[in-house]
Amino acid sequence: MQRIGVFVCWCGSNIAGTVDVKAVAEALKFEPGVVHSTDYQYMCSQAGQNLIKDAIKEHNLTGIVVCSCSPRMHEATFRKTAQSAGINPYMVEIANIREQCSWVHKDMAIGTEKAIILGKAAVAKVNLNAPLTPGESPVTKRALVIGGGIAGIQTALDIADAGFEVDIVEKKPTIGGKMAQLDKTFPTLDCAACILTPKMVDVAQHEKIRIFSYSEVESVKGFVGNFNVTIKKHARYVKEDLCTGCGACVEKCPQKKVANEFNLNMDNRHAIYIPFAQAVPKVATIDPSACTMLKTGKCGVCSKICAAGAIDYTQKDEYIEEKYGAIVVATGFNPISLEKFDEYAYSQSKDVITSLEFERLTNAAGPTAGKLLRPSDGKHPHKIVFVQCVGSRCSAGAEKGKEYCSKICCMYTAKHAMLVRDKYPDTEVYVFYIDVRTPGKNFDEFYRRAVEEYGVHYIKGMVGKVTPEGEVLKVQGSDLINNKQINIDADLVVLAAAIEPDKSARPLATKLTASMDTNDFFTEAHPKLRPVESPTAGVFLSGACQGPKDIPETVSQAGAAAAKVIGLLAKDKLLGNPCVARSNELLCNGCSNCEKVCPYGAITYIDKDFRMPDRTTRTRRIAQVNPAVCQGCGACTVTCPSGAMDLNGFTNGQIMAEVDAICK
Amino acid sequence: MQKITTDALVQKAVELLNNNTVSYVLGWKKGEFDYDITPYVFKDEKTLKEEFIYSDFCGVNLSKYLVAKTKELAGKILVFLKPCDTYSFNQLLTEHRFNREKVYAIGIPCEGMLDIDKIKLNLEGISSIVETKEGVKVNTLDDKTIELEKQAILLEKCKNCKSKKHYAYDELLGEEGDVLDNNRFDEVAKLESMTAEERFEFWQSQLSKCIRCNACRDACPACTCEKCVFDNPNSGIENKSPANSFEEKLFHIIRAFHVAGRCTDCGECSRACPQNIPLHLLNRKFIKDINEHYGEFQAGLEVGQRGPLVSYTTEDVEPSDVFNKGE
Amino acid sequence: MTNVDTLIPKVGVITDVRIDTPDIKTFRVVTPDGKKAFDHRPGQCAMLSIPGVGEAMFSITSSPTNTEYMEFSIKKCGCVTEWLHSAEVGQQITIRGPYGKPFPVDDEFAGKNLLFIAGGVGLAPLRSVINYCRHYRDRYGKIDIVYGSRSKDDLLDYKEIIDEWATDEGINVHLTIDNAQEGWDGHVGFVPNYVKELGFDTDKTAVLCGPPIMIKFTLDGLYALGFEKTQIYTTLELRMKCGVGKCGRCNVGAKYVCKDGPVFRFDELNELPTEY
Amino acid sequence: MRKCSLSAINSIFEEIAKNTMLFLPVDNKDGKAEYKKWQEGFLLSEKLNTVKSPKEFLFPQTENLMEFKTSGKNIEIIDTRTAKEDFVVFGVRACDAKAFDILDKVFLTEPRDSYYASCREHGTIITLACNKPSETCFCSAFGIDPANPMGDVSAWKTENEMFFEANTEKGEKFIELIKNLTEKTDNKEVKKQKEKISNIMKKLPLANLSTEKFGGGKTKELFDAPEWAELSSTCLGCGTCTFVCPTCQCYDIKDFNTGKGVIRFRCWDSCMYSNFTLMAHGNNRNSQKERFRQRFMHKLVYFPENNDGTFGCVGCGRCLSRCPISMNIVKVMKKLGGKTND
Amino acid sequence: MQITEHKPLIVAFCCNWCSYAGADLAGNNRLNYPADVKIIRVPCSCRVNPMFVLRAFQKGADGVIICGCHPGDCHYTSGNYYARRRMAMLFSMLDYLGIERERTRVEWVSAAEGAKFSATMNDFVEKVTKLGKNKRLEDLRCKK
């Protein structure tokens, strides 16, 4: 029998407001095994923790129940407290009487009654807890960064600078990501390329960094500190080590009518191409869907022209296996597809464009060489309407768009408006907005300059309809402040499309067993306290894959993720999760069904000799669990009919004891 | 009438025993009467010739015995397998329950086995039972003779025989049969079409007969756990006698669940039940559900099959939709 | 109904817990009003239980001459004993008994020289007889006690043996441990060998209790010394459940250990099938 | 001796049920006989016997012994028994009636089992002679005459009438109760009926089953017999034989935590079960052979040894018809009994 | 709600990664649901053994709900897929035995779906309350 101490936390009034904490502490005093029960205002505070430590010593406790907030919040805290007082950390159980009680129930009597029951369940469980010791595993001192945008670049550089090897996997032929497509950056209006490309060069030249461009993560096995990743390197039909990036092949390539995705299909490129001048690696890539040679076997111009002999039409996809200690996800974002937004005539008129397309149109390296020209007829637009929140902040359950705020649109629209007015003062600029959100250093000043200095017309209200009529786009909107309909004949309409995670994120999440929210943004281990870690140990989050972010925020998160990775890789050994499956070999039938359901391949079978009660020896096939590989899901425990498989920390006995206590 | 004679089997067994192919013969032994046949491990020619029998009352599935006997006995064992026994044989091999090397399996045909309980429903006091073309002729102690048609006195498990085809053997005696069209899910469907109240009444009255003798479990070739959870005081659900209707249900639900996806529908549970509880209807419910929702699956068709409850597809039906089908 | 059935226990309170060896504790039990739960004879057993955990049979290690309380020396070896080992003073348990046939202290043993041979926790059931005989010292002849255990720390009731038994007149205590150990200057070796070394006269009645292997070899030794089966007693504590000879648990041959035993003379035991 | 016409039997049941609970074998949906509490419309089964024996009226499959309430370190013991009601079991066969005597020998010897005693006290057993013993019957091997069933009242059924004779005080009371529905008669008819039954008995295939090799004191001869191994070789270790047996009386005592308290109950157990003797010490009968042997040795040797030669089997034949693999005491007796003593 | 109405007892098994977090989020957002719901944390919905479900009913639960990550989102990749099959089978069997199907439910609740958690529990409690006491799968010894 345990000697259990019960500690009921008030959490200020968070718990004590709805739960009579004294009554809870009193009621739990008489539960089996409980020898001490008390309450305190903030159990998680230093004083609260000391209270627990003192009680452990004074009452010679063997188990601890803390009735407090969610175990997801402070389980680790109290485990450490227990450990420092000499109790095994796994002898601590938390009764969640805040999130799952005081915060969701209003009536004191009801809340108190439930808190007591939850406390009893925790006591019942602790009575069956056993000390657990985590296993140790080594750490591979190399990190993988998935995504070569500014987030990935910054993370990689920071990790590499700390002296660890880093590999970047980028699915495009070059790193750079969305930032490489931008013109200027807010709120300082410095040129994106000017600040990004030096970093790209740094990456290329860093001796600790390898870039796998035009590559994707094929599979991920293993666990924190010991990931085995297979990287699929797409055939680019150009030998990277030989290609000098001279561009001669590109010039001569007869297939010139391939939509240029870098310019958002607003112009064309060749079948062999280098996405942009500062690409890293600066290596040509053959687009197999466009190359005549690859499709028909007739052409071969690039091969003839290449002095370095880098062209290789027989190249195959290559699979590279590598070990990593940590993985950083930096898969970024994309504007959402606007196909469903018929009201803005995006599909009907070439002159209704997204903000990212607008970036390319104003970029000196873009399709118009930086001149703001209408995509339809190449004329200079005189009236431009910017529409904010296209697909952002939609109501829940709406059939299109996202519920969330895309966060960056207000600022880039202000930037766009300002740049237009600066370059083309003859152009009238209207911005339809719901709210202008400018929390950020120098952000609001920036926005006010657009309005006050550059004379951008900000109209609070939404655009109801855009109708192409001849050369103009008839924009019908509402002005909520003046409470009137507004009609503008615009030459160009720029839609601030919502942003969403890259489509590659979801399959990647599955491979990583990392969790995602409903919008496919990766979830953090904790929204406030562990914002750059995924709940999956060893997987970290950098940039917009976790949620909409602007560049400064992305870079700071990238640095934070790097810091976490460095912290992990700096360790020589990792302590595993001791809550893993274990097989009772006396009960095991050797049927292999648990092996079939184990997602980690943690179960193997061996033949073992057993001495039978009649003194004979019998060889039996029995299951064995590799505790370093097991992640503790428990799938095997239910598959096992004899109950030979059980899960440390969540044993059949413990869960049934909880059920019993709850159903008393 | 079984197409193959006892003599042919004995002859085969003696031959294999004498040429040292096998050391033991797992078969059926004559009883006190014509119907009380006991599985038996024969070791010599004499006993085989005198006491071996293969008749309409050899319903016992011998596959399960291989789990214990292959470990207990040193030499190779000859086992006679009826078509439905071969499914259990394969399933046991899939789960590594015995060493195939130690077994010499002979497939033998089966025309359906008889249920002495059904015969006794019609009469009491049997002096002998003679097999006829249509069924049996029963002579009673009071010197009457009653003829019974086979269809009416088949074992519950044989009424909807799923197959006359053998899926495992080293040697086949007699002719190979076919997988049969059968209506084995009709009774399940009938229950499904009842209201919840009716179903509850049905099962309540059936399961309340349970005396927890464990015959269903101990006869079941899928229940070969080293130690059953119901026998293990540490499992949390151990019990020896059902104290009330809950415990009756608990045992049968858990047992059916444990064999779900592994049960070959051999029907031993219902045959063994001294209280005539139609336990196979629980297992068949799972088989029917599995077939409907996860694709046709017959356990024991081959060694190494992956069972439906240890697999999944991302498109599997939602639990709520399992209820809502056909409504 | 006022009919008190023998299966219904009384409440007992643990009033003292003594740690004897690393895996044996001795519990003192009285009724809630501080009395002895019931009277017993040396060698008899009682059924102790913790509701929800289980019931188990233990020999009463205190002598019937102790009128204040009962004692049980219990080795940790299952869920009931494990639970008891974690129990503290003041804990209530349930107790029923006494069960079984006692040692024939007032007839066969009367006037005889006695030889007690015990190994490990096997001393527990003998302690009540030994103390009974010490109490009525004049009714018995010379008493020899041979007791051995794995190590010095595993010797049960060591203090009582040294301070009381060994100092009594006419009682010879011979202690032994399996392997030599620091701070032990007594005999080292297994009990059966020690018995042979000591070489007792056959003018006594022997009482054996200990692990099966010790019993087997000690018996051989005693036979070699010329002892008859009718001169040797032992006590079995096997798998008793109801305690009243009905449930069938402890049935060995035609005997029920809980009712016909646990004390058996070896000639009686010899008649039983070897299922104990 | 009293009699009534068979057509009046229903009114007798009605009369009994007015005063006490009445249990009798009726045909269930499976066409088997089963003891049920009588209610209007229930007919006495024509079957020879029930699947489950009537022992559960005296020794229920599970029976609460007491309850515990615990609070902190304290325990309260509650005797949960309530006053037992009177009941009548009608139609008990001679074998099952004899089985009650055997159970009495276990439960009513000191120390008396008060749970059993109370059931015994409140129950009136009306036995019924077997008109048509079956091939599985071998009660005569144990000296039981199915034509002369014991119990508080013995009854005989002829083609048209039912005869009653009281054997005990309780039986007299019962006869008194149905006095108005029956008439006094001599025993001529019954005698004829008995003869008829005896004639059938002689023809039964197991009529000459010998118990000669068994009985008290035979432990040494039988315990190490090599036949046990082959007899038990295909035993499944289930409890069917035990649980349908009218004389098997082994039980286990278990605790059940209801969440509100702990119920201590006893339940039938089977010496055939691998976990029968399993306790902290281990198991003293590890193989099925040993467990199988225990069951039959107990019935055929140990029990008679302790009970003046009375065997622990009554030859009801239930195990013969219910064992899933058709192994049974008759096969055991024939195999072991056939052994010559040279 | 009337005072005379039977207060059901609901046991909710929630996977640690999604549903338990979803329940926490419901708490963070103060989205009320009846206190009749008592949550047991399990690492994954695949940890829920049918034994636990039946045990809950035995000890007096009126409804049992199992919440896990959305299919495809399992922290352990595949756990909820196994749970989905197992619970579909178990609950179908309970239904087959005549146990009211509304007493059992499987629901996928992500860590971000506090609102869904609360709504689900409200709905489940309402449905189970309507059914009244669990009579068909009860152990009378555990009733007062």
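Per-chain numbering from 1; labels A, B, C, D and E assigned in written order.
Everything below uses one rule, namely that contacts are C-beta pairs under 8 Å (C-beta built on N, C-alpha and C of every residue); 3 or more make two chains touch, one makes a residue touch a chain.
Model, not experiment: these values are computed from the prediction.
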Set of chains adjacent to chain B and to chain E: A, D
Any chain that touches chain C and chain B: A, D
Required minimum of steps from chain A to chain C, each step between chains that touch: 1
Central chain (by mean CA position): E
Intercentroid distance (Cα basis), chain E paired with chain D, Å: 46
Between chain C and chain D, centroid-to-centroid distance (C-alpha), Å: 39
Chain A-chain D separation of Cα centroids, rounded to whole Å: 71
Between chain A and chain B, centroid-to-centroid distance (C-alpha), Å: 53
Chain B, residues touching no fewer than two other chains: 227, 229, 232-233, 236, 243, 309-310
For chain A, residues that touch 2 or more chains besides their own: 597, 639, 652, 656, 660, 663-664
Multi-chain contact residues (two or more partners), chain C: 79
Chain pairs that touch, as defined at the top of this document: A-B, A-C, A-D, A-E, B-D, B-E, C-D, D-E
Residue ranges of chain D in contact with chain E within the complex: 256, 258-260, 263
Of all residues in chain B, those that touch chain D in their complex: 31-33, 35-41, 60, 65, 116-117, 120-121, 124-127, 141-142, 205, 209, 211-215, 217-219, 227, 231-233, 239-243, 268, 271-272, 274-276
Of all residues in chain A, those that touch chain D in their complex: 30, 32, 612-614, 660-661, 663-664
Residues on chain E engaged by chain B in the complex (per definition of touch): 50-51, 54-55, 57-58, 71-72, 78, 81-82, 84-101, 105-106, 136-141
Interface residues, chain C side, partner chain D - complex: 1, 3-11, 51-56, 77-81, 88, 90-94, 238-239, 241-242, 244, 246-249, 251-254, 271-273, 275-276
